[in-house]
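In the two assemblies presented below, subunit A is common to both, partnered first by subunit B and then by subunit C.
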Partner chain A sequence: MAIPQAELRRLAIAKHVIFVLVAAAVIVPFVAKVYQRDFKPTSYAEDLFQKVHNLDANTRVLISLDFDPGSEAELLPMGVAILRHCFQQRLIPVVMTNYPSGVDLARTIVEEAVAKSEVDYGRKLTSGRDYAYLGFRPGGVNLVLNMGENLKGAFQTDYYGKPTEDMPALVGVQSLKDLKLVIDITSSAWVELWIVYGADRFGFEYGAGVTAVMGPDMYPFLQSGQVIGLLDGLRGAADYELLLQRTEVGKLDKTGRGILGMTAQSAAHVLVIVLVLAANARFIFRRATGREKG
Partner chain B sequence: MWYKRTIPLLIVFVAGLLGFAHEYVPHPIAGRFREEVTTAFRIIGGFALFIGAYSLLHMHLTRIRRRQPGWAYSGFVFLGASVMIFLGMVLGTGPLVDPAPGELTAFQWGYDNVLVPCNATIFSLLAFFMASAAFRTFRVRNFSAALLLGAAVVVMFGRVPISELFGELLFGADGRQVFPKASQILMDYPNLAAKRGILLGVSLGAIAQSLRVLFGIERSYMGGGD
Partner chain C sequence: MPEPDDNASSVRRAVEIGVFTVLLAVFLGVSYYCQDPFGLTGEALAHSIGVIVAAGLTLVMYSFLYRDNPLFKIAENLYVGVALGYGAVMTWRMALREEVYKPIFMAPTTEALGEALVWRTVPILLGILLTMRISRKYSWLSRYSYCLLVGWGAGVGISVYTHSYVLQQLNAAIAPLQDAVTQGTWEPLSGAWFLGAFFPMLGSLAVLVGTVAVLFYFFFSVEHGTAGRTVSKVGIWFLMISFGASFGNTVMARLSLLIGRVQFLLFQWIQMDQ
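After this line comes the complex of A and B, so read on.
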C-alpha cells in the first residue's frame, strides 16, 4: 500500500524533530551537570561486586576486555570500575583482550584505572607486579583452551614485551585452573564462549559485563549460576561505581562515567516512552474516528 | 573421486573424533594433545588476520577500479591503513615495538583520536535511529502488540534511575522500587523463559549439525553442494 505524500512529509519532519529531541535529552544533562546518584544498584551487579570484594588480597583475577571502540561508551566505565575495585582490595588483575581492534582500548582502560587508583589509594602500582596487561593473542576459543592448559605458554610475553614466565603478577598461575574468578566485559558472544570453553571446563567462577542490548540473553546463565554476577549496559557500570563509592566515602570522586551517563540515559528513555505513547495515542484516536485503518 | 571426497571426509571424521574423545580421557597425554592442537589452531588463526586484511583491501581496490558508487570512501580505507602502517612499521611506534607503560606512541595517538571517536560516533547514531523508528513504526494494532508495548515501557522505564524518583513521587518513600521491581520481574521470568527456549533450540541445532558434519551427512563445506 503506497503511503500518501503528505504522510511521508509529516514523517520526515517528525524524524528531524526526534533527532533534535534525542540530542537535547543526551547533551543537556551533561552541560547542566545534573546527576542522579541516589539509586539502588541491581542485585546482579551487587553479586559481582561482593564476589570481588570478598576475595583475599593478592588473589589473581583475570579480566578479559573483549570489545572495540564501538562499545566504549557502555563498557569502558565497567572496566575502569572493576580494575579500581581490584586495586582497592589489593587483588592482582590480569587483563587481556580477544579483540585485535581493542588492544589499545584495553591498554587505555588499564592505564586510566592505574592512574586513578594510584591517586585514590596512595600507592605506586607497577606493571608485572601489581597488575599484568597481556594484550591480544589470536585464536579465540582455541586461545581459551590453550590458556586452560598453559597460560604462560599462551602469553609468553605481556603487552609491554616482558616475559610472563617469572612475572610476579602471575606467580602461582600456570593455567586457568589456578584462577578463582574471571570477569569478561564484552559486546559479543564471548560470554557463552568463556562459559563453555572456560568456566565449565576449568572450574573458575565467572562474572560478566555486557552491553544493554545483550543483557536479556544473560538471564539463563545467571539463573543456572554459570554467571555469578552481571553488569548490564551503562547502568551496570553506574551500579558498580556506586557500590565502589559506598566503600570509599569521601575518597573517590563521585563522577564515574557510568553515573555521569545515568541522567542522560534516564532522559533518553523517558523521551522514547513519551514519543511511542504519543504516537500510539494519535493512532488509536485516528482509528476510532475512522481516519486510519489497521 | 575418492581423493576429493573420501579423504576430506575421513580427515574430518578422525579430527572430529579426536577432538571429542580427548575430553573424556583424564590422562596427561590428552592434555598435551589438547595444548598442541589448540596452539596449531592459534597459528592458523594468525594467518586468518592476513587473509582478512588482504580480502578487505582487495574488495576496496576492486570498488575503486570499477568506480562503483561510493568508491571514494574506499580510498579512505587505503588512506587510514597507510597512515597506521606508516606509524606502526616505518616509524616503529606500533604494536610491533614494545611500549613502556604509560607511554603514548604515535600509533596509540592515531588509535585514540581517530579510530575510537569514529567508531563511538557510528555506534551512538543508533540512539537516534531507534528513537525515530520506535516513534514511526511501533503501533498497537492488536493484543500482542499491546502486550509488547506494555512490557517495553515497563522495562525501559524501570531500568533507569529516574523511575525511582517517579516511584517515590507516586507511592511515597516505600514505592521507590516499584518500577525497577516490575522491570526485573519481566526480565527474570518471561524474558528468561523465552531466552532459555531459544538457547536450547540453538544448542540442539548446533549439536545436530556437528554430528551431520562428523558423519559426512553434511558436505556443503567441501563446496559443490550436497
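After this line comes the complex of A and C, so read on.
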C-alpha cells in the first residue's frame, strides 16, 4: 500500500527534527563546557591499563595502529593515551601499522604522544632509542608470521629509513616471541588476525582497542583470556585517559579527546533512548486506538 | 502558463540558493576570523588552509542530511578519489618501491642484485600473474597465484583457526563449570559460591543454551514440533538480544564519529577553548 503524500512529508520533517536534536545534544555540551571528568572505567579497560602499568621499565611493547582516518575519532585517542602511558612508565613502544592508508595517521599519533609526553614527563624522547615507528610493510598475516620468526628481517628499516638491526629501541627483540605485550588498535579484522596468527602462536599477551561496532565480537576472546584487556570505542579511550590521569596528580592532561566526548555521547544516548521509547509509545497508542495495523 | 508545482519548485530553489549564499558567507567569515590565513606564512599557512578545507568538506558532507545536492556529490567523489590516490601512492612508496624497485633497480652491488633476483623473481611473477585478471584472454594465468594463495591460506589457517576459535573457546566455556565442581567452590548458597562459581557457571550455561538454541533455529532438515518450536523461540530471543547489543554499539560508534567531527570543528576550526 502506498504511503500517503502528507504522511511522507510529515516523516521527512520528523527526520530533520531528529537530526537537529542529535546535533544539539552533541554540540551543546562542548559549547557549554560541561564535561564529565570522572566515571567508573570498565574492568577490561582497567585490565589493559594495569598490564601496561606493571611492566618493568625498558620493556618493549608492540603497538599496531591498524586503522585509517575513517576511524580516527574513536581510535586516535586510544593510541595517544596508550603511548603516553608507555612513556610515563619508561617503556619502549614499537609502533607499526598494517594499513598503507594509515601510515601518516600512525606517525601523527606517535608524534602527538611524544610531544605531549616530553612536556608532561620532562624528558627528551628520541626516535630509535625511546620509541620506534616502523611504518608499514606489505604482507598481511605473512608479515605477522615473518615477525614471529625475525622481526628485524620483516622491518629492515623503520619509517624514517634508519636500519633496525642495531636500533637501541629493538635491542633484545629478535621476534614476536621476545615481546611480553602486543596491543592492536584497529577498526578491522586485524584484531582477530593478531590473536590467531600472533598471540596464540607466539605466546605474547595481547590487548586490543576496537571501534564500538566491533566491541561485542570481542567479549568471547576476553572470557577465554586470549585478549587480556579491551578498549571499546570512544568510551574505551575515555576510560584509558581517565586511568592515566589518576596517576598524574599535579599535571592532569584534561584535553583527552575521549573524556571530552563523554558528555556529548551520554547526552546523545539519552536522546536516542527517549526517541526509541517515544516512537514505541506512539506506535502502541495508535495500535490500541485502531489507527495503526500490525 | 507555468504549473503551480513549477512555481513552488522555483521558489524553493531560489530560497535554497539564498540560504547557501548566506551560509557560504558565514563559513568564509568564520574561517577568516578564526584561522586568519592571510596573517600566516609557511607551514602555519598550509595548516590553516588544510583546516579550512577540512571544515568546509565536513560541513558539505553533513549537507546531505538536508537532501542530496551537487556539493555533496563533489565532496563524495573527491573523498573516494583522494582515498584511492593516497592509497596508491602509499602502496608504491611503502611496498613496491621498497620491495621491488629499490632491491632490483637500485641494488648497491652485483651480489645484492643477484640475491634480490633469487628471492624476489618468483613472488614478483606471481604478483604480475594476479593482474592478468583484467585480460579476458590471459585471465587463466592468475589462477596459479590464486591457487597458491588459497592453498597457503587453508593450510596455515585451518590449524590455527581451529585452535583459536574452537579449542580455546570450548575451554573457556567449560572451565567455569569444571571449576565449580573440581576446585572446592561447590558450596551452594554461600556468598563465595555465588560470586566465584555461580555467575560464571550461569554465563557458561547461557552460552551453551544460546548456541544450541540458535543453531536449532537455523536447522531446517527436520520439522519443528512443539518442543522444537520452543527451542527455536529461545534461539530467536538470543538472536534479538545479540542484535540489540550490536545495534546499541553501532549507534555509539556512529555518534563517536559525529563527536569527532564536532570536536574538530569547534576546537580546531573555530578554535574554541576546551
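Following the convention adopted for this analysis, the second predicted complex is superposed on the first by the 294 of 294 C-alpha atoms of A that agree within 3 Å, B and C clash if a C-alpha of one lies under 4 Å from a C-alpha of the other, contacts with A are read in each partner's own complex, and residues count from 1 in each chain.
The criterion applied here is as follows: a residue touches a chain if its C-beta (ideal position, glycine included) is under 8 Å from a C-beta of that chain, and two chains touch if they have at least 3 such contacts.
Everything quoted here is computed from the prediction, not taken from an experiment.
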Worksheet entry | Partner chain(s) touched by A:150 [first = subunit B, second = subunit C, both, neither] | first
Discussion item. According to the stated criteria, A:111 is in contact with first (subunit B), second (subunit C), both, or neither; which is it?
Written reply: first
Item to complete: Applying the touch criterion given at the start, work out whether A:73 contacts subunit B, subunit C, both or neither, answering first, second, both or neither.
Response: both
Practice prompt. Check whether A:138 is in contact with subunit B, with subunit C, with both or with neither, and answer first, second, both or neither.
Written response: both
Worksheet item: Which of the two partners, first being subunit B and second being subunit C, lies in contact with A:171: first, second, both, or neither?
Response: neither
Discussion item. According to the stated criteria, A:280 is in contact with first (subunit B), second (subunit C), both, or neither; which is it?
Written reply: first
Worksheet item: Which of the two, subunit B or subunit C, is in touch with more residues of subunit A?
Response: B
Item to complete: Applying the touch criterion given at the start, work out whether A:8 contacts subunit B, subunit C, both or neither, answering first, second, both or neither.
Response: neither
Discussion item. Is A:270 touching anything from subunit B or subunit C once the two structures are fitted on A? First, second, both or neither.
Written reply: first
Practice prompt. Look at A:28 in the shared chain and tell me whether it touches subunit B only, subunit C only, both, or neither; answer first, second, both or neither.
Written response: neither
Response to the item:
So the subunit A residues that subunit B and subunit C both touch are 19, 22-23, 26, 72-73, 100-101, 103-104, 137-138, 145, 212, 215-216, 220, 223, 233, 235, 265, 268-269, 272
Fill in: Touch list for subunit A against partner subunit C, complex
16, 19, 22-23, 26-27, 30-31, 33, 72-74, 100-101, 103-104, 135-138, 141, 145, 195-197, 200-201, 211-216, 220, 223-226, 232-235, 254-255, 257, 260-261, 264-265, 268-269, 272
Discussion item. If we count contacts the way the header does, which residues on subunit B are in touch with subunit A in the complex?
Written reply: 31-32, 34-35, 38-39, 41-42, 45-46, 48-49, 95, 98-102, 107-108, 111-112, 115-120, 122-124, 127-128, 130-132, 134-136, 138-141, 149, 152-153, 156-157, 159-165, 176-177, 180, 184, 187-188, 191-192, 195-196, 199
Discussion item. Give the list of subunit C residues in touch with subunit A in this complex.
Written reply: 65-66, 83, 86-87, 90-91, 94-95, 98-99, 156-157, 160-161, 163-165, 168-169, 171-172, 203, 242, 245-246, 249-253, 255-263, 266, 272-274
Worksheet item: Once bound in the complex, which stretches of subunit A touch subunit B?
Response: 11, 14-15, 18-19, 21-23, 26, 36, 38-40, 42-43, 68-73, 100-101, 103-105, 107-108, 111, 114-115, 127, 133, 137-140, 142-143, 145-146, 148-150, 153-154, 157, 159-162, 212, 215-217, 219-220, 223, 233, 235, 238, 262-263, 265-273, 275-277, 279-280, 283-284, 294
